[in-house]
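Think of it as A, B, C, D, E and F in the order they're written, each chain with its own count starting at 1.
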Amino acid sequence: MASRFLFLGLLIATCSISLASDSSPLQDICVAYPHDPGSWMKVLGIRLMEDLISSTPSEDVPVNGLACKDPRLVRANDFFFSGLDLPGDTSNPLGSKVTPVNVVQIPGLNTLGIYLVRIDYAPWGINPPHTHPRATELLTVIEGSIEVGFVTSNPENNLYTKILEEGDVFVFPEGLVHFQRNNGSSNAVAIAALRSQNPGVITIANAVFGSNPAIPDDLLAKSFQVDNKTIDLM
Amino acid sequence: MASRFLFLGLLIATCSISLASDSSPLQDICVAYPHDPGSWMKVLGIRLMEDLISSTPSEDVPVNGLACKDPRLVRANDFFFSGLDLPGDTSNPLGSKVTPVNVVQIPGLNTLGIYLVRIDYAPWGINPPHTHPRATELLTVIEGSIEVGFVTSNPENNLYTKILEEGDVFVFPEGLVHFQRNNGSSNAVAIAALRSQNPGVITIANAVFGSNPAIPDDLLAKSFQVDNKTIDLM
Amino acid sequence: MASRFLFLGLLIATCSISLASDSSPLQDICVAYPHDPGSWMKVLGIRLMEDLISSTPSEDVPVNGLACKDPRLVRANDFFFSGLDLPGDTSNPLGSKVTPVNVVQIPGLNTLGIYLVRIDYAPWGINPPHTHPRATELLTVIEGSIEVGFVTSNPENNLYTKILEEGDVFVFPEGLVHFQRNNGSSNAVAIAALRSQNPGVITIANAVFGSNPAIPDDLLAKSFQVDNKTIDLM
Amino acid sequence: MASRFLFLGLLIATCSISLASDSSPLQDICVAYPHDPGSWMKVLGIRLMEDLISSTPSEDVPVNGLACKDPRLVRANDFFFSGLDLPGDTSNPLGSKVTPVNVVQIPGLNTLGIYLVRIDYAPWGINPPHTHPRATELLTVIEGSIEVGFVTSNPENNLYTKILEEGDVFVFPEGLVHFQRNNGSSNAVAIAALRSQNPGVITIANAVFGSNPAIPDDLLAKSFQVDNKTIDLM
Amino acid sequence: MASRFLFLGLLIATCSISLASDSSPLQDICVAYPHDPGSWMKVLGIRLMEDLISSTPSEDVPVNGLACKDPRLVRANDFFFSGLDLPGDTSNPLGSKVTPVNVVQIPGLNTLGIYLVRIDYAPWGINPPHTHPRATELLTVIEGSIEVGFVTSNPENNLYTKILEEGDVFVFPEGLVHFQRNNGSSNAVAIAALRSQNPGVITIANAVFGSNPAIPDDLLAKSFQVDNKTIDLM
Amino acid sequence: MASRFLFLGLLIATCSISLASDSSPLQDICVAYPHDPGSWMKVLGIRLMEDLISSTPSEDVPVNGLACKDPRLVRANDFFFSGLDLPGDTSNPLGSKVTPVNVVQIPGLNTLGIYLVRIDYAPWGINPPHTHPRATELLTVIEGSIEVGFVTSNPENNLYTKILEEGDVFVFPEGLVHFQRNNGSSNAVAIAALRSQNPGVITIANAVFGSNPAIPDDLLAKSFQVDNKTIDLM
């Protein structure tokens, strides 16, 4: 019995495959398997060894990307998400909140190479400098006034910045550092499309000054031409 | 004098190049040359033979795709568009209007492989069955209630359909026939992102029954298993 | 015992992966697993619960795309197909028949991004207006006389049409609506190459007027600017 | 006057661009400019300095790939070729002849990533071992009997070989060494599709033993573990 | 005369095209035009208006990417570079120097999607945290001892770090923040390959704290959860 | 018991997937499963039937490409390799040795599309004419003097050749025949980067004259325009 579930574990583990490319799809649809192994196992009526399942939090099971659900089980809801009208909770130090709509929310997005987010900004809230390593982002202001900008790479490091009002659109090219800030004293809302199934987000503050473990202080001090104390503050 | 402008014509004609791929960009930015040759020629201070310029409507000049503006001339406005909050004019037989935001509105979108539209629907207005040959579309309802659907390819031709309310999102996979219809008696508005610099639109009614010149009636009659009179009606 | 085959079902289900890209291959060859699970299971000497196997028609088992056969089991026949000289059966309302040569007929075609068909046309038979969402098609007339054409996308919807004789070649660009019709009173035969492992076929008549379930009549009536009765005829 | 045509030369020279990718097209069509500069210059009514034109054989003018003809000048014939029913002249030492159908014969093939050839084989004629660096080839026997094969890469170097009859199909994966030989005493004919706008051909005999200039004899002798005299024979 | 050179300016300006993709090449070679317009203009024997040429520093002429030199002018030296054995000058605040080998040094690298650098590190010198938006980097230590690391994206921001000795190899995945530091008191040298014709470099310190113009201090202060004075120090 | 391991065999067999594309990655990292099934099975604590494991030499288990290790098990060593400073053993007829650094040595290279080799050359040793079907190669001389060259495809078959000294760099475009030879009487060493996770190597001598089984002598004799005896010598 135990080995059966070890096999199952092997099954899950071995067949965890990730999409290696955001190129065009090669079939009409490829609705992703649910990310929670419990759900599909239940679909097939398999009772599992509790500790195997309970100890693998669903978000940790490496089933993603290319695995396609049986087409006979596909439904309209696999292409649907409800809730982008709901405000995100911006009560955090940065004063912003990102609500994703990706393959987890819409399994039918699998292999289709596109991703949506709603971004809420509290008054003066910011979406701090970050990059999307694998996607361009196209942002539309739905409500409020948002200051945006991106910086080009070396050597120019030019900042292109605008203040956007409702109905304005701005593009952040792939891989470049960019940010947004609510330019007013009321809430602001934007919707952004990203050109990848899994664009990634690298928040500069976290990646450079908050990695696990931390990058050595003296290395950072030299990089930013400051002293270690300043790095500690950062 | 004449030959100089023939040279200019050669210049325009020869260097009209189209982007052949929606792959990742190979530089930070590549802001497109304005599509109106008049504007950049004026930038360079060249007075042109009026009839050459006036007879080539700006929209016909084949300068598109990969031609990059001099980086020293790039401005924040090259990445910016204002106006997606303005309703489109839906007073037409179908009762819908598409407002594009692409490389023409945002030259900085060049090579970045993404495209935005606002779609307005009059009460019961429709965006009729069509395909985007080269892109997946991800649509968000901003206002109203919209019935949407797409059909898979042969042999199943399954229709996946939903009625969407504000804040709902739906995906139309690349190349498949899809449509939307305003499901209510008030206006409806959606914003959609398409995963290509130039997705293309094929409206089935126009392409099949309204091509230039027309596809022979008897061929269509046989294709749809009806008589010629019905084809004439279509 | 039951759970073993549920595992097997899991195995099949989980590892059904689809190729997400028609990019260049990353190894010399990747011969597809047979599409019939029964055959490879027999190879491994596993007797299966009849109803599991019999109820999953081989064409429904989602094993496709990237799964490579053990290279030691690859044979020349994996790259070979015999039978493109055999006429297809055109005794149907449209008077045409497509004989495919793809990864099902030639498992070695897996990951190689190309596909072949033989098309037979009865006198006046047609291959009705359709698109291939994911591939360009290059057609050669082997026998007879065939009228062909394709229509470009909005707004021009230009029809480019020719009558082809033996030895003539015509190209249908990816994603555009196109058709062929036998232009004579004898049989006609063409061979066409498509630039994708799985180009897809969307027959307009079926997708628009014969989907499952049907697109609402009134929506179609408005799309084609006709009345519901005409739609019923279609 | 001279400088005008030097400008023209600059024009031709500078704007010679080559397609860098066989990815999906980004517009419906992009009909190539004629490869003979004389023809399009005449279209524009420019008289040229004879020696500039006459000394640049049309096949040498570097205008290829992405340059698109003005869409208003596109005709059905841009997508059409006539003549694949005509036998090629196989009266050469190898006894075979390749008739290409590519962007030169069909300008509309530009950016569409596919290529066709007709191969004629005299009795016992061969298409000697060669590779296509950038494309897979799918070959159909139209007439006769043809022995075919390809060899996999290191370390196995497995030869997969078959004798094909009329109606048989065989695939040669991208980049691998392959060959065909007429297996009978009558003529043989095949049609092959290649999955690239410009697949390239490397005939091993020519590239290794007939390069310009030649690879040093002693290097080849050591590579093939023979003496220089044998290399001289090759 | 003036307008002729304005034409030339148009010529240069219009035909500046950038490669939009690092996909496979579509021809054997495409040797880039020299980036200095003076050189190729001299090749064609054109005397230019001095101020036009002298006022456009060669590095500013936007001719890059896809423009191929006439194949008859290609030489072995177009594929060759000499000098990667020469130490770079590390006498700067960071104590490192990057010597590139790209399409500027080797014009034949055009369209081939790969790039090489030599990195010299003074004792304790650093290559500060940076990203390559468009390429993975594979680094080999030629001399000395180098501490390296990269950080994954949100939410984990895991740091993977090693100390490398001569002959050690480490990979920095595309788009992720990474760094190197000389781990010893003698010079260190590495050679790194990047998987793009134009990978780009974003030095975090410069892009975030040294952009042109600067990102507002208060926005950065909030992003890094420090006060403005600390940002000023950075 | 037997069927359990048959399941395991199914598991291994079914989930052997190969990466079909060298496009950009779609996640930060995807560390490959170890190529030795024994190791990961031991990780999961499964005792196996000895003959199943012992009879499948680890190098034969078809688990490669896209299978990602559980991110919680990823370590810095997955991105690290030590040993490129060690000379390879060149005591063989050709006098050269290639030491690879690929996904087998660095599992973290999976999906990152780049590959490194160290090549050692005994005095006058050669790396004989070969192609990499799927990658461009960029070579740097670390020690000694190396004669290099590549040949373009039909019809020109131009040889571009140079003698390289330490610090010199040369590029071999994808798919073209190329070679190196130690130009001196001391050892030589080069490091080369290849632009693919799995570039492949086709050694011409082996593929053409040493395939398994052999290409028929008379076919080769005709291809190279020599007699069978010469082919026997080759």
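The criterion applied here is as follows: contacts are C-beta pairs under 8 Å (C-beta built on N, C-alpha and C of every residue); 3 or more make two chains touch, one makes a residue touch a chain.
Note that this is a predicted model, so its numbers are computed, not measured.
Relative orientation of subunit A and subunit F, expressed as the C-alpha superposition rotation angle, is 120° to the nearest 5.
Distance from subunit F peaks, on a Cα-centroid basis, for B. Simply put, of B-D and A-B, more C-beta pairs touch at A-B. With each centre defined as the average position of its C-alpha atoms, the distance from subunit C to subunit D rounds to 28 Å. Per-chain Cα centroids separate subunit B from subunit E by 35 Å.
Within subunit B, the positions touching two or more other chains are listed as 4, 7, 11, 15, 17, 19, 21, 23-25, 28, 65-66, 71, 133-134, 149, 153, 156, 158, 174-176, 200.
The touching residues of subunit C, when paired with subunit B in their complex, are 93-95, 124, 126, 128-129, 131, 133-134, 147, 149, 151, 153-154, 156-159, 174-177, 179, 181, 200-216, 219-220, 222-226, 230, 233-234.
Residues 3-4, 6-7, 9-11, 13-23, 60, 62, 65-66, 133-134, 196-198, 200 of subunit A are the ones that touch subunit F when the two sit in their complex.
Residue ranges on subunit B touching subunit E, taken from their complex, read 4, 7-8, 11-12, 15, 17, 19, 21, 23-28, 30, 33, 40-41, 44-46, 63, 65-68, 70-72, 111. Residue ranges on subunit F touching subunit E, taken from their complex, read 23-25, 28-29, 71, 74-86, 101, 105-106, 108-109, 112-114, 116, 136, 138, 140, 142, 149-150, 152-153, 156, 158, 160-162, 164-171, 173-176, 191, 193, 195.
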